[in-house]
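In the two assemblies presented below, chain A is common to both, partnered first by chain B and then by chain C.
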Partner chain A sequence: MTRDQSRWTRQPSTAPSTLNRRKFLSVAGAGVAGGSLLTMLDARQAPAQIRGTSLRMLKWSHFVPAYDAWVDKFAKEWGDKNGVKVRVDHIPHLELPARYAAEFAAGGGHDLIHFAGQILTGQYYRHLVDLSDIATGLGRKYGGWMENAKSAGQVGGTWYGVPDFFIAIPLLWRKDLFDSVGRPAPKTWDDLRTAARLLKPKGKPTGMQFSHCNDANHNWRALMYSFGVKETDPSGQSVAIDSKEMREALRFAKAMYDEGMTPEVFSWDDASDNRFLASGVGCWIHDAISAFVTTKDTNPKVFEHTYVLDEAQGPVAKWNVGEPNVWAIWKFSKNIPAAKEFIQHISDNQKHAMTASRGYNMPFLRDQYKKPMPVLGADPKLSALQEQDKITAFFGHPGPMTPAAQEVLTTFIVPDMFTRVARGAAIEDTMKWGVGEIRRIYAKHKAS
Partner chain B sequence: MATVAYRAPRSHPSKEIRRHTLIYLGLLPFLLIAVFPIFWMLITALKQDPDLYRMDVVPFWFHLPPTWRHFDFLFHNTFYKDWIVNTMSISFWVSAITLLTAVPAGYALARLRLPGAENLGIGIFMTYLVPAIILFIPLARVVSTLDLQDSWWSLVVVYPTFTIPFCTWLLMGFFKTVPVEIEEAAMVDGCGQLGALCRIVLPVSWPGIITSVIFSFTLSMQDFLYSLAFVSISEQKPVPLGVATELIRGDVFFWGSLMAGALLVGVPVAIIYNLFLDKFITGITGAAIR
Partner chain C sequence: MAVSGRVGVLSWWRTPTARRYLFGYTLLAPAVLYVLLLVGVPFLFSLYLAMSDASVGAPVARFVGLENFQAALQSTAFYKALGNTLFFTVGAGILKGLLGTTLAFLLLRPFVGRKVVRALVVIPFTLPIAVSVLGWKWMFDSQFSVVNWALSRLWLIGTYGSPDWPVWLGQPNLALMSVMFVNVWRGFPFSAIVLLAGLTSVPPEIVEAAKVDGASFLQRFRLVIVPMIAPILFVGAAFDTVFTLSDLSIVYLLTNGGPDGATEILPTLAYNTGIRAGALGRGAAISLFLFPLLLPAMILLLRTLRRREH
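== the complex of A and B ==
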């Protein structure tokens, strides 16, 4: 543990104000023991067995290039210190599943892998190393895991993945444009709809993807969950999306599209809303802070007027749908001990990782939400994200990210339901189609 | 000696101009469609980032001074030079392997009157139609067994699985257009079957061979899925994989550098392709008429 981490986890002092000799000795003894432990942890040495070995890991190409540079350097330094030759490879997150399918088929590849967005823990868990020792230890050390972290890393109560971080997908809105139509800072989905309705005639519409892309999956789920929609029951076994709440969410989305968007949203990809904001046209978007951060370079004027809302309140709840990132190790990995050591090491340095990612990497461990959080705490526009742990859900909510939920995600059934309704299909017909598709997927996974 | 003057029929100049105008007007939409992507790549590669995101101006020209920044980024912040070398090396080796295999295979199927040769030819072509998304999983085991994972040599092994079937089928059709009599004449003059192939058939089949090389080369240059599945080390990647994996980060696209990367590889290949255009058309049509 580094000095920074020990400061991060420091608890308020409970030492008595007066000391007698016995108390002094016990406190001093505990202090010496604790200090020794901290020193030991600080100088944490990996087991000798990993010396002289090599470790290859695969991560995605992070939104923030500086973070990849940091990870590469961090891994190299760790490798140099522990006598491990480390190599970090990066590919885009959407391409990871194909690569993992090839590695799985070949029975060889990277020693340490990273699931991003599409969480394949449930799909590959039989071929992944049990990481319960690391995950349980991290939970104990840092105040426990967010409840939703278990869904990303556990299958049947066993940790086959160690949650690394998740990406928040907040609301980015233009204060100058809201001011121009006399609207206050938005708090609810209704506020956003109203602003879009007023601003669209002025050539400043809003937009959320009605298409097959990651953002469409996040954004419409955030709206759904805020309307009280449940994709499944908490066990993740029974489909629960066929509800009046889902119908309400579809109705709301249709109205928001008609009033505040233009048809270009049907052809948008993940980067389109970034361009939309950076161009100065969009009055608000629902996207990761990458759109906010890059606008600083591409359109400083827009950046100056753009503000961040952690999430909009719906009629029932307020849920942000994050993009989880999870470490895992293949059973056929050639260097399992080194891979486990590295997960432990980088998890102990989450604060530095968050700084390197410019506040992008949101932690899964509760203690790491102590304010001020790195980067977020220092930026008034981003400080609202310091309580993201309380409002973050992932796909399949309130159930876990099972392989069936994963397939529903990757087949874009939910965005397709919203698209059909926005294009004019009847809500009941859409429900019949969408629920039928989802039930078919769950039935297939139950049978297999 | 009396000369007979032959006067070519003269068309009316204005009629001729009208005819040409109509022809060029008819071609214009095709020209625009063909050239527009290259134009778009070029101006995007040379625009400053803030200029790329302006929606209040006509996007087809510069509104801020052009910049070389994206090219600079490509060459100094990525492994672009390695990617070009890898791409060319892969394409060269794949084309060579394809020719060495497809020429004898196509010739045998076209000439040797093997029982079931026609169906075998169709069968070989059918393997070309199996999608890569299905093939890459079993091929992963082959690549792993050969210990070629994360090396561009893995692609030299894999790409012929789709170039050989197509080129065999193409050359088979082309060899059928070569009159069998000239081959028989060569044999009467003392050539064996191999000599007739090398000295007579191959020289007259030049357009078909060029077409096969162009196909192998361009198919190798275009692939994304196999390279994604088998190569993850930056300096081992070919261009299509390199630009897509290192210049797209989630929803952040490095548009200028992406376009610069595509332009630098695409334009020279298009020029070379055009140099062999006549041969290419002869090759394709020669194969197609049988």
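== the complex of A and C ==
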């Protein structure tokens, strides 16, 4: 195992030990001291050294425009309070990787950056500031990080990125249509398949993207993981997709396509399913709650009958595949102290951020799942999402988001495997092709 | 002997011929430097990347020889992208040539509002590519396509959801045709303008003389006009080939190479591998496969052009 490979190996967790009186007193004492510290941290003031400086940050243009407006205002207010001139740039999320490559090559650019969907912590960690102090502090303060958060922020046990939020991709289904064919509220992938089979002949099919877009990557992975498919081993080093579970997932997807979908799913982009639901045609879709929120405005009648399921149960497990968002700071950033202060500040205000995003931004920190959560807790249709921390995985699962896993994602091999089978290719031929391509990518990354 | 040779060289430098050469090359130097800096250096850099294991996070990398090229040749996605690229470039080139020629002849004839029409036809070429492609994305939408809506109203296809409702960007052959169509739509005004510039430079009396001699329209075009405007046609064709072969935006915005690589071309594969996945070395190697495709075409065009000049 090379030095870089060993960086991706998960750190073993510390085993619990027996508690004696001495240990109890020291832990209790530390707890009291920690509590006082937390109170102090709550009222923290940014260090004087950042006063009179400027901070440029780069984020993506959020799917909820109100959130961008909130971030801009939030950053400005923080800047005004601390004497920092703040500028927030927003660009489409698909353009971020090219922008970061350019900034890195030039050795200059934004002081604070944000990885969205494509997590490049593993690509750039040698050139990112160690943020372990902030991440560890946040973990302590808010009840610890979700296990999968480490995959987004850590390389070799060091935090080079601070997880900000992730986007959940739940199921949005039409209760009136399910009722019309005598189907109860769906709980499993089988329930969804059955409903689609019954509703397609009535002109109400379902749809999941079989194309080259983000949603195709998330949706089919959710199905795969729920069928027990592992993309790699937990270290992220060995490809594990060549399994009977993957064959089962492909078989199931083919049946679901034949019975419940139309060929338009081969052309869909990330927003097509939103429109499909809002048009009143779709009986269920697998998408972020933006589809739910926008339907409220575009087709209130459909919205009235649309319900949200956190995720469908598969034969083996229940996994939702989220889209992570992570803060990071270049080592060549001109204002590292201010960038770190801002990460701390916005992380401490996660509730406001979640409200501003209309419940779209899901937290990575466990205590932030205390019910009622902002927005989600107040809406009975969305309240099921308040336990998303327990069922969320990210690409590469159960391994971390390594550069190899990133390449498999960006070259759309997984959606292409599902596309081939849906179009009638033999499962074994598809497996041979897909596994071959994935193994070739992992081999290249191991060799480099 | 050696001394006399050196003296000979030195004395040659003092001759008027040498001074003329020196003066000529000095005048040429800025242009050579310009080309070297803007073309040579990036080309050599991409060659260096293609022969290294560079990634976006580690651009200083070790030499791996031809490994990246081998890796590309082992991937089935690469062959699909290569085939699509050739089909896309040749197909779009032919269509742009045909449509551009037709449009140029139409615009050559005097009619009321010709100036306005001439200005309007270049709009597709002048529109920002993102805007025009997004417009086409809507027109090719699987559910709300205005094209399908019109065809359906004309009873040429069924209604939404029926088996003969075309999914422009979802059916492999249709998807490739659709991205090619957008490229043609965007590029043929350029071909027309280039051809129009050539046509207006042909003295009308020569064409009239050919007409008097009994030459048909096609004969006049093939035997009189084309030979006279050949240099312009060659330069236009060279530009168009380069633009089409390296066109990333249309495919990236419409299909991103999908479904299942049906519209994948070398530029999108190189971008997704080199930039989005971060494997700069392999991305550069894929993009360099465009070079052996372009080089013979360019040499052929430029050589023919030079021969005609002589």
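General observations
The definition used in the following text is that the second predicted complex is superposed on the first by the 405 of 448 C-alpha atoms of A that agree within 3 Å, B and C clash if a C-alpha of one lies under 4 Å from a C-alpha of the other, contacts with A are read in each partner's own complex, and residues count from 1 in each chain.
Assume contacts are C-beta pairs under 8 Å (C-beta built on N, C-alpha and C of every residue); 3 or more make two chains touch, one makes a residue touch a chain.
Everything numeric in this text was worked out from a predicted model, so none of it was measured.
After superposition on chain A, the partners chain B and chain C collide with one another.
After overlaying the two complexes on the shared chain, residue contacts for A:279 are found with chain B and with chain C alike.
With both structures placed on the common chain, the touch criterion links A:288 to chain B but leaves chain C unconnected.
In the superposed model, A:62 makes contact with chain B only, not with chain C. Residue contacts after overlaying the shared chain place A:98 against chain B and chain C alike. When both complexes are aligned on chain A, the segment of chain C among 116-124, 134-142 or 260-268 whose C-alpha atoms clash with chain B is 116-124.
Under the contact criterion defined above, the residues of chain A that touch both chain B in one complex and chain C in the other are 98, 101, 105, 275, 279, 281. Chain A makes touch with chain C in their complex at residues 97-98, 100-101, 104-105, 118, 120, 123-127, 203, 205, 210-213, 216, 262-269, 272, 275-276, 279, 281, 403, 406-407, 409-412, 415-416, 419-420, 423, 433, 437, 440, 444, 447-448. Across the interface of their complex, chain B is touched by residues 58, 60-65, 87, 89-93, 95, 98-99, 101-103, 105-110, 214-215, 270-271, 273-275, 278-281, 287-288, 290-291, 294, 297-299 of chain A. Across the complex, chain A is touched by residues 53, 55-59, 61, 64, 71, 74-77, 137, 140-144, 161, 167-171, 175, 255-261, 271-273, 275-282 of chain C.
Contacts from chain B toward chain A in the complex involve residues 49-50, 52-56, 136-138, 140-141, 143-144, 149-150, 225, 228-230, 232-234, 244-246, 248-253.
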